[in-house]
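These are the structures in question, set out in turn.
Two complexes follow with subunit A in common, the first pairing it with subunit B and the second with subunit C.
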Partner chain A sequence: MATTITAPPVKNIHEKQRESGFYRVTHSYFFQKIWKALFTAWVVVTLTFFLIRLLPSNPVELFIQDLMVQYGMPYHEAQDQAAALFSIDLNQPLWGQYLDYMWGLLHGDMGTSILSPGTPVTSIIMRFLPWTIFSVGIALMISFTLGIILGLFMAYRREGLLDHILTVMASILSSIPNYILGILLIIFLGVRWGLISVASMRGTLSPGVEPGFTLEFFKDALYHAALPILTYVLTTIGSWMLTMKSSTIGVLEEDYVTVAKAKGLKEGRITSSYVGRNASLPMFTLLTIAIGFVVGGSVLIETIFQYQGIGYILLQSVNKRDYTVMQGVFLVITLAVIIANFFADILYSWLDPRIKLGKQE
Partner chain B sequence: MSNESQLIWKHEAGSGTPLSLRNVHIIYGARKGDVQAVRGVDLDLRAGESIALIGESGSGKTTLGLGIVRLLVKSADISQGEIIYRRNGTEVNVLDLDKKELREFRWKECSMVFQSALNAFNPVLRVWDQMRDTAQSHGWKDKKAIRQRSLDLLGFVQLDAERVIDAYPHELSGGMRQRVLIALSLLLDPQVLILDEPTTALDILTQRTIIDLLRKLKEEQHFTMIFISHDLAIAAELADRIATMYAGRIVELGSADDIFYRPRHPYTLGLIRAVPKVVGGFQELFSIPGSPPDLIDLPSGCKFHPRCPYATDKCKTEEPDLVTVGREHEAACWHWREVEEELQTNPLHSV
Partner chain C sequence: MGSVFLGAVQSMGATLRIMSYNKVGFTGFIAVMLILFMSFIGPFFVPLDTETKVDQIYQTPSAEHWMGTDHQGRDIFSQIVNGGKDVIIVAVVAGALSTFIAVTFGTLAGFAGGRIDAFVVSVTDIVLTIPQLPLLLVLAALIKLNNIVYLGIILGALGWPALLRAVRSQALSLKQRDFVEAARALDLGTTHIIFREIVPNMMTYIIISFALAMTGAIYAQVALVLFGLVPFSGSNWGVMLSLAWVRGAIYFKDSIWYIMMPVAAIVILQLSVVTMTRSLELVFNPRLRSGE
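Let's look at the complex of A and B:
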């Protein structure tokens, strides 16, 4: 070593600030993440609160109309009955309702359903959300795993016959909207060919089956979730395959793969630790984003298959303008996306050592 | 570097020729036609010597290097010839090895240091994992022994072994990665080492440390090495013998001294004259006119004749073979005597 010049330690105010505990906490990676997440949640909650109140009509009006149509009640009678049933005061100014709602949220209270008075929104969500997580979660795992394996396979066999067939299939599948595929499945599998009994597959469980850690329960739950799962898998697997294929083709051309071959590594080791691991890195980011959209993406499918999950309940509450339930479901969707993104960052830094948490400016 | 003394080298720096290339032809299939990247190369690599392959880009040197370990891309084909590898009296043709034998041959018998060490490492694995999987793929079981040898080798290449071994590739500088790659290439104590432009991507000071390291490897450990380089200075410093390649053929082969002071092929002469000198003030740089030939549609006769100042009608029709022009010095030129005369009147290195 030649001469080294050491600068005298100069501390300005800025550096002193940096050393204080408060600064370190408020500028830590996790604090900033959480702060941003809370801000996002607040913006979304506020927007949905006002947006759903911009929908034409309101829950009381719709209920009154329902009574009039169904039972032939005169308007006044229906209005009285509605007023007796609903505790909600829709004449309160909007900002007052908003402050009430936010105050409740801060205390973890999402309010009660307007149309089923006395039922807390939390309990409605807790009842329906698990079914969505169950069906979409399984579908996502299947299509992600299969998609990665098939994509890897296609990249290794690129320009081969199987690659061409799979690529065309993947392109077609990924361009069919899931609700159309769902309807097609019902029409062909259920009605035209009569292969399955669509009617008995409706719902989340057969009558008489109780939730619990029994084989019977799991079999029945899978039986009822089979069609939604099949639809999700078929409509999402194509994009996993194509993304994985292009990612793998890129990695196969990397120098370190050639070096791995030159090192005389076993084929399996190269495919898993060198090609597969690097090619699947971007897939995990996409996966967490997909998890975020699990809840939101289930609305149409759950309605088509009459699968009582969170998407099904969202559509019901929109139709009846059940404001509090809608707010609750939207909040869950928002939180799912935010949490998934949060985990995407953590997962990615764990999978890819080049990305270190908290080191960015 | 107390670790160095513990390093054990198994290879014998004895005599013999561990590697012989016999009439090797390599062709790339392209849409326009076959690219004749290597056309009939004969070369004997003696134990303990280092040989440099020099030439312009596209002269076939890297293709030849990759061909020896059969790492060519799928579109390439070694259409003719033999690559004979010898160890302990047995000899095999590398081209006849099956998949498993080839995997075992690679790195253990013949390892390769690549041009782009920056991308030679798997970004998601630590240096240690990449050394371990290499050793384990070749049947090493004892993790402790692998780690000790890895540490010793990293120390040998003048790195802070304890720190580097648990680092991820992106945490190392370009020069450090190149040294790690060299250490890795020595892991299994191969008999032959191929270095493909080992210093090209590095700055001049880092180049120096790598060259010093390679020289140590050559002079102290007597490794048998093939250098692929377009940098004549590095070739001069590290090689015992130099082979000039042009259009997929060796056009001149001789000791480093012969090639640099007594070249007999106009192309070698052109290459040397094209190197600027640091001392001696400004001189007009010589450049070889024209560009390397189209390897799909090669010129007739001597492939260098369109660019050669000595070319005659004979050169346009007949391709010369290597002929002896001095002691252990061969050149493939009809007019090598004219080159010799030219050098007598106009010497290369006026000291």
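Let's look at the complex of A and C:
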């Protein structure tokens, strides 16, 4: 009973705080999402630092040992060389190294490649990252849009023949691992049936084609990205379709749809602005999961199709134990996912204003 | 003793009958059972063929070699039979660990609310954001992942966030139900409410979570083996796929059996585990049965 007496003044203080501008800014949806993204980025960077620097057999020590054994270098010289490559001052205490490392990252300094000396990791990333963003971005847009449309269609025609066929196809497609689908595409489209020339589709561009705003460049870029894009689309579209279908069936039973029908609104308008818009909302929370999965999966797909994007470079550097490149690429991939998630969150809150008011889930 | 045994058989028969209400799910269940039987009992009858026979490279299926032979003339069928055990063990270890983490902390977060909930949700969001496969690749470069149980634990430790979200939202909605409020009003205690009221009602979710976590683990481990990041150890469908890929088996006319068999084994295992959940749903969620 005592709580009911003391409750009103506490509430008043809260209300006063809420009115102040500072409180409103720091507790706004946008600010919270930025804070979350930055915090996640910090966690990943710290995790990477500890993996690289603190494991019992960490790559920095391994590299120093390697130099000493292979080239007979004295420890100090080997240590200096390792420090230069990893862009870490090994004479500092650990927390100093950590601060240094963070400072370097903030300035885009990720060290130098171990295997191709003199090449900064940043320049390697800048060269390969655009291709991954290009192929993964296009694929996600295609599969998301197509999945929503097909799911909506399936919900309207549920229990029909086409619904059954599409449901079976979607379940099968979403349970085939994407790299296996990639291998199957090469085997059947490329080798067995000879429909496409896999060899000429390798790489990101044909020899002789220069990047630029020309039709030829875009056609060639799409030609080379076609197989990775096809694989991403086929392996992700199933889950979009099934989720959209069940979400649409739920929305179709809502009262406002019945009201819209009773008002005599046109069927097309009900489908697009009443059913479609509301049913696609849950899809955006799934989008955040899908982005991470597809970007992570790009490592495998790009390797299968020899598409030189950032994922291909990651696997190459892991196989060759080029630790500085590996570390940089891993950070960039994770940051890309964090940024993409941030935009998906913002898009979601723009589509569904209820989210901004803090009524999440 | 006899009656207990009879009772067990009867209840098993009843369970099987319930499962057979959903034809697709039951097919998946039978397929999973067959794969388990083949992978764990089969090796006693079909020993692994390790002898290189240069004169029998890339043969098509025959009475002697049911699925043809590989690039060293070894029998593919024996490799398929012997190659499933590791894959399934890793998947089960990873699936069990992921489900355990997801269910424990998901229910806790949903039920406790407040700071605990906020903390669990933010940790989940962070782990969910880090792309799993690249992290696994980096880990594979730094530590040796050649022990299958160890590999399963690492996969399980990374695979829980999406499941936890689902379990948490389920717990949140169950918390509001009348029977939980009734149990609270009767002052039955948190342990009783969680384990006797909430968890039984989430059994369907837990089973589905387990199946999905298993498929996730199969996906990741075969990927790691395929790209040579987990040292080859014995026979394994992933190793077969990797060897077939590296040896360029896709480009030879008769070698298609070598690459297609592990592909088929992995895809069938994934599909059956996913479809099996439909029948398991019926067993654990009686409400679904009336509609059939």
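In this text, the second predicted complex is superposed on the first by the 262 of 361 C-alpha atoms of A that agree within 3 Å, B and C clash if a C-alpha of one lies under 4 Å from a C-alpha of the other, contacts with A are read in each partner's own complex, and residues count from 1 in each chain.
As a convention for this text, contacts are C-beta pairs under 8 Å (C-beta built on N, C-alpha and C of every residue); 3 or more make two chains touch, one makes a residue touch a chain.
Remember, it's a predicted structure, so these values are computed and weren't measured experimentally.
S.K.: Both complexes share subunit A, so when I overlay them there, do subunit B and subunit C fit or clash?
M.R.: fit
S.K.: Who does A:283 touch here: subunit B (first), subunit C (second), both, or neither?
M.R.: A:283 contacts neither subunit B nor subunit C.
S.K.: When the two structures are laid over each other on chain A, which of subunit B and subunit C touches more residues of subunit A?
M.R.: C
S.K.: First (subunit B), second (subunit C), both or neither: which does A:303 touch?
M.R.: second
S.K.: Identify the partner contact of A:140: answer first if only subunit B is touched, second if only subunit C is, both if each is, neither if none is.
M.R.: Touch partners of A:140: none, neither subunit B nor subunit C.
S.K.: Does the superposition put A:354 against subunit B (first), subunit C (second), both, or neither?
M.R.: A:354 sits against subunit B, while subunit C stays out of touch.
S.K.: Once the two complexes are aligned on their shared chain, state how close subunit B comes to subunit C by Cα atoms, in whole Å.
M.R.: When the complexes share the chain A frame, the smallest subunit B-subunit C C-alpha distance is 10 Å.
S.K.: Looking at subunit A, which of its residues have contacts with both subunit B and subunit C?
M.R.: none
S.K.: Taking the complex as given, what residues does subunit C use to touch subunit A?
M.R.: Residue list for subunit C touching subunit A: 122, 125-126, 128-135, 137-143, 162, 169, 172, 215, 218-219, 222-223, 226-229, 241, 245, 250-251, 256, 259-260, 263, 266-267, 270-271, 274-275.
S.K.: What does subunit B use to touch subunit A in their complex?
M.R.: These residues of subunit B touch subunit A: 69, 71, 103-108, 111-112, 114, 116, 119-126, 133-134, 137-138, 168, 170, 181, 184.
S.K.: Of all residues in subunit A, which touch subunit C in the complex?
M.R.: Going through subunit A, the ones touching subunit C are 36, 39-40, 43-44, 47-48, 51, 55, 57-59, 171-172, 175-177, 179-180, 183-184, 186-187, 191-192, 288-289, 292-293, 295-297, 299-300, 303, 311, 314-315, 318-319, 321, 323, 326-327, 329-330, 333-334, 337-338, 341, 361.
S.K.: So in the complex, the part of subunit A that touches subunit B is made up of which residues?
M.R.: Subunit A reaches subunit B through residues 254-256, 258-266, 269, 273-274, 277-278, 281, 351-354.
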